[in-house]
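Each of the next two complexes has chain A plus one other chain: chain B in the first, chain C in the second.
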Partner chain A sequence: MKQTLPLVITFLIGTLMVAEFFVPHAGVHELTALLQEWGLVIAAAAFVLGGINVVQVNIPKIARRERDWGYRVVLIGSALAMVIAGFIPASVFKPETGAPLFGKEGIVFTFLFDYVFAPANATMFALLAFFIASAAFRAFRARNLEATLMLSAAIVVMVGVIPVGEWIWSGMPAVKQWILDYANNAGRRAIMVGVALGAVATGLRIILGLERSHLGD
Partner chain B sequence: MLEKLATLDRRWLFLVMAIAIIVPLLVPVSLPFEASPPVRATYDAVEALRPGQTVLLSIDYDPAARPEVEPWARAVLRHLLRRRVKIVMMTLWDKAPPIVRSLINEIVLGEYNQRRGYFAPDQPGGRLAQDYAPYRYGEDYVFLGYKDGKEIVIAGMGQNLRQMFPVAEAEREGGDKIPVARIPVLSGISSLRDFALILEASAGFPGAKEYVQQVVTRYRLRFAAATTAVSVTDLSPYYPEQMLGLIGGMRGSAEYEQLVEAPGLGTSGLNVLTFGQIFVILAIVLGNVIFFLQRRLRPRSSPGAGGGVG
Partner chain C sequence: MGSRSRWLVPTALLGLGLFACSLPSDPVAPATELRTEIVRKPDGTAIVRVTFRKSADDGAGREIVAKYQLMRAHGSDAPVPVLSAEPEGASPGPGRAALDDPSAVPGETYRYFVVAHAEREQSKMTGAGGPSSTSRPSAPIRVPDAPAGSPAIAAIGAPTLLGVSSPEASDGRALQIKFRIAADDDGLVVREYRLLRAEGDGPFRAFRHKDIKAGPADGERERSETIAVPPGVAWRFQLFAVPARGEPVAAATTSAAAAAEPSYFNFSHLWLFFLLALTVALTVVFLYIASQPGARLFIRRIPGVDAIEEAVGRSTEMGRPILYVPGIDEIQNIQTIASLLILGRVSEIVARYDTEIRVPCCIPLVAAVGEEMVKQGFYNAGRPDSHKPQNIQWISSEQFAFCAGTNGIMLREKPATNIFLGRFFAESLILAETGYVNRAIQIAGTGEITQLPFFIAACDYTLIGEELFAVSAYMTHEPRLIGTLKAADYVKLVVGVVLLVMTLLLLPATWSRPAVVPQDRAHAAASDPHCVVLGWARRELACEPTKAAAAERMTAYQRDNPPSGFEQFVMKLVGYLQTG
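What follows is the complex of A and B.
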């Protein structure tokens, strides 16, 4: 029963969701819409579950003073600060004029988002520029024909993207576009079609109960 | 000397990269550039909209992708306001609601409604809609808010938008959420098919690819998106069949800004990108020159190498 019931549910729901694409009946649409709503509820519940999981994983490690426990304190503290700032209703500490202190558009939450989270998030992404420079110097080598082709294409695309490319030669953007439209798209489409066929095959295997790894088998 | 260069401390590279980024910020240099066909196609699609038509603008990026994608989001929002179309905004990214609010506050309420900046009629290049009237929340634009569920939300909106977003955000913080049935801008809109155009600022998952896979092809929607430069190769197979336009990274944003005659963060960012990219290219070339020189010199200097010659 522990095995059969999930398989039956998977088969019924999987078949219904596929059938929705081919059966233009209002009842089928309503049923799939209902299932999609359930999906949203599960997605929302996953947030709560994620929060509980973060606490469950990190609090014991902080208590045991495990390696890097200080970072875990920062993690829990930051998460708590954002949750508290966002959850307190805007009606609390609301001045006569101007923005409220709390709430998800309140001064505290906005300050934390704009001046702590956003710069930290952007900094992590911006660091890539430095590592790319280092990698370009050390790792990007024309060791063989394939690497040389990739290197040449990369340089042409990079030059074609920046205005200097047009300044050097007016046809540079067109060459860049050609590489994207033909060389890149040919490869990408081949991969996409392969992935799509694989996804269809895997989907069918799951619906038909041939693939059971999601049940822990 | 060659050995020293080959083992160059990477902090020197970091320093040069920092200079390549900081100098163009301090000393702006602008080189002319032309809009590429995918960007122009998006511009033309917005330009073809008639006043009163409704457009969906999905803002799906976080602060990390802001420099690349937000210049386009700002430029296209200005363009939509100038076209006097109704705008429905939403997001599938949990970190995006404050970004959407800032776009609304700065561009819709700040620039347009108060006739400042790009829309100031007395400024050179001021671009005000001919039938100017302030944009009113709920009547001319609305922010549906954030909804988690990723592809499920996109697929659901293809069937029934109101089921996925039964309420919209309040105009001001602290206000009650508004049932979508009471929002005039959504009258006549029941699914994605009812939008004249769907635009998305997309920085990853869920984003433009999921829109194409879940709804664009199925319902034959008019869809265009701006993405980070790294995603362009992923999405370019969809242009022009599934996506009528594709704006790639900072360059694409700068091109769109040029088309709407509102140079902004994209154009200034393109200068930075130019210098950064030139340095990366030089680093590749220099790295390879050293590599080949070392390879050429190695057999002569080491007697054991060179396949037993000598």
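What follows is the complex of A and C.
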């Protein structure tokens, strides 16, 4: 029963969700929309679990003064600051402007988001430029024929996409476009077909109850 | 200097070089000397003609100006494009040109602008290409009132209501109204169309529905509109053409009563249904084959998966944990599901080796399910006491906050093996490069095509696309799971054969035509109202001085070159496959 019931539920719900793609009847759509709403509710409830997880993982390590416990204090402190700033009702107002100090639209929350979170987020994203440069330098070493072909194609595409490429040779953008439209596109489409069929096969394995590792089989 | 330090300088130089080369170029010179005048058409209506001197960059040896666009501003409003403007004489080249605004409303005052569009629009990502430039505004001009009773007002014809029916693949709450637009509707004389509806034999009433815009759609004068209606009620409709000035004109007939009927199968998805049915049928066949005594189903080796156990062993020897990242997408994404299934298998191996696994998660629900998968893996290996729930950790739902947190784990705890399986986006390379610097064995896999090159560049093993979905079956070698892999492989073969046959069918049709237009030209035609693409396979580009002439040429071409029976069959099949 411990295995059969989840398998039956998975089969029924999975079949219904697949059927919705092929049956446009409003009744089927309403039923699947309801199930998806339930999914959203569960996902929202999981944020509470996530919060509990953060506390369970970090507080004991802070209490035991484990290595790097200071970072965990910053994590818990930052999380608490955002929660408090967002959850306090917007009933306290700044005297000069009348704008609310707290709440989701409040000055404190907006300040923390705009001047702490957003710059930190942008900083992490900006690091990508340097990581791309270092990874490209390593990947583009002409170690063998295949790597040399890749290096040549990459140089043509990189130079073809920047203004200086057209200045060097007017046909460079056309060559770059040919590589992207034909050589690159053919490979991409082959992978996409494989991914789509792999996804269908995985879905079928779960819906038909062939894959049972999540049930302890 | 270590080997990594030696790379630092050329890497930085490469990055700086690419950055410098990608700096945006100057905008093209704007159009100048804008002059406006009122021009009377034979029917008495007034249009505004804007003459201007073309961009100084236009025709100066390099065709860097692609086209000119007319914009107008009403009062102090921001300028908006004049969509109905025909760029007469405004093709690229030196000298002066004129653009007409036939949709200027009588009695209104406008300022006009001319935008010179660069040949290559500026890329938002790289900044490459030239930005467009807008001219200074013209002097304000007032459009004179049209003379009362002018032919333009009196000559609006009635639209024709052709029929009302349920649309294809209807959910039972929509009706499709087919109608022919008024004979003289060129998108200017008629402002819009409006529908009135009546329940059964009741009176007609206006109902809340977006107004239907005037003019032909894609050159067709017979059009259709799909509207939402309550189910189970028969409706009649009356159609009105609303002129730019004057009273609305009703269609001669009202529609017969029609109720929305639901469809029980979406036939535009028949092709996909066939593929799904084929997959299921082949799965059943392979399950049967696999159940036969002594049956062995062959699947090729996947080195990345074979390396997992070796990598776990290495971590055990080094006394360091294994880091497993199940992507950053929601639990309902199939890649996340596949990754969590693999996590269960990997946990089992980890438990057998009695080492530690760290699972940072971006989504709380993924963390909750991931914890269960890891716990189950430890149970399956017979070591439930070795499972540490705190090792499955929700970091943050924000992409880069999660990335920073996971990087922190990598740098502080120095896992000997990093496994990135699931759906990744821009953080993929940041994670993989940090792992590379950390000298960990890295195994990655994703179905995201844009992230695969990053993983290939930075990881030791990469599972490309479909391999991610095969891992769970591959690791167990269970015949029933391998059977689904074989079924998917055979479906892939069928798809490949269909693609090949379709390509071979299209080739003769392409060769039999004289001109094949490159893809960029075809794209250009889609945005140039003067040009049409003729033919169904050759895509010949035909440009005319006016939009109407281009549409006429298209009509004449279709009349003079009807597709053969074979061409019709292939066209139908291609269209069907594209829709499916």
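To be clear about the criterion, the second predicted complex is superposed on the first by the 202 of 217 C-alpha atoms of A that agree within 3 Å, B and C clash if a C-alpha of one lies under 4 Å from a C-alpha of the other, contacts with A are read in each partner's own complex, and residues count from 1 in each chain.
By our rule, a contact is a pair of C-beta atoms (placed from the backbone, for glycine too) under 8 Å apart; a residue touches a chain by one contact, two chains touch by 3 or more.
What you are looking at is a predicted structure, and each value in this text was computed from that prediction instead of being measured.
Shared-chain residue A:S91: touches chain B; no touch with chain C.
In the superposed model, A:G194 lies in contact with chain C only, and not with chain B. Of the two partner chains, chain B is the only one touched by A:T110; chain C is not.
Contacts of A:Q177 after superposition: both chain B and chain C are touched.
With both structures placed on the common chain, the touch criterion links A:F21 to chain B and to chain C. In the superposition on chain A, A:N121 contacts both chain B and chain C.
Of the two partner chains placed by the overlay, only chain C lies in contact with A:L204; chain B stays clear of it. Legend: residue contacts after superposition of the two complexes on their common chain; A:A99 is shown touching chain B, with no touch to chain C.
Of the two partner chains, chain B is the only one that A:A33 touches; chain C does not reach it. Judged by the document's definition of touching, chain A residues 21, 29, 39, 43, 46-47, 117, 121, 124-125, 129-130, 132-134, 136-138, 158, 161-164, 173, 177, 181, 188, 192 lie at the interface with chain B and also at the interface with chain C. Taken in their complex, chain C has these residues touching chain A: 7, 10-12, 14-15, 18-19, 21-22, 25, 120, 123, 126, 128-129, 169-173, 231, 262-266, 269, 272-273, 275-276, 279-280, 283, 287, 330-332, 334-335, 337-338, 340-341, 344-345, 363-365, 367-369, 372-373, 376, 379-380, 389-390, 392-394, 397-398, 400-401, 403-404, 408, 412, 426, 429-430, 432-433, 447, 449, 452-454, 456-458, 464-470, 472-473, 476, 480-481, 483-485, 487-488, 491-492, 495-496, 519-520.
Listed in rising order, the residues of chain A touching chain B in the complex are 21, 29, 32-33, 36-37, 39-40, 43-44, 46-47, 89-91, 94, 99-100, 103-106, 109-110, 113-114, 117-119, 121-122, 124-125, 129-130, 132-134, 136-138, 140-142, 151, 154-155, 158-159, 161-164, 166-167, 173, 177, 180-181, 184-185, 188-189, 192.
The part of chain A that touches chain C in the complex is made up of residues 18, 21-27, 29, 39, 42-43, 46-47, 49-50, 53-54, 56-57, 60, 67-68, 71, 117, 120-121, 124-125, 127-139, 158, 161-164, 173, 177, 181, 188, 191-195, 197-206, 208, 210-211, 213-214, 216.
Contact residues of chain B toward chain A in the complex are 8, 10, 13-14, 16-18, 21, 31-34, 36-37, 62-67, 95, 97-98, 101, 147-150, 152-153, 155-156, 159-160, 163-164, 173-174, 218, 229, 232-234, 236-237, 249, 251, 270, 273-274, 276-281, 283-284, 286-288, 291-292.
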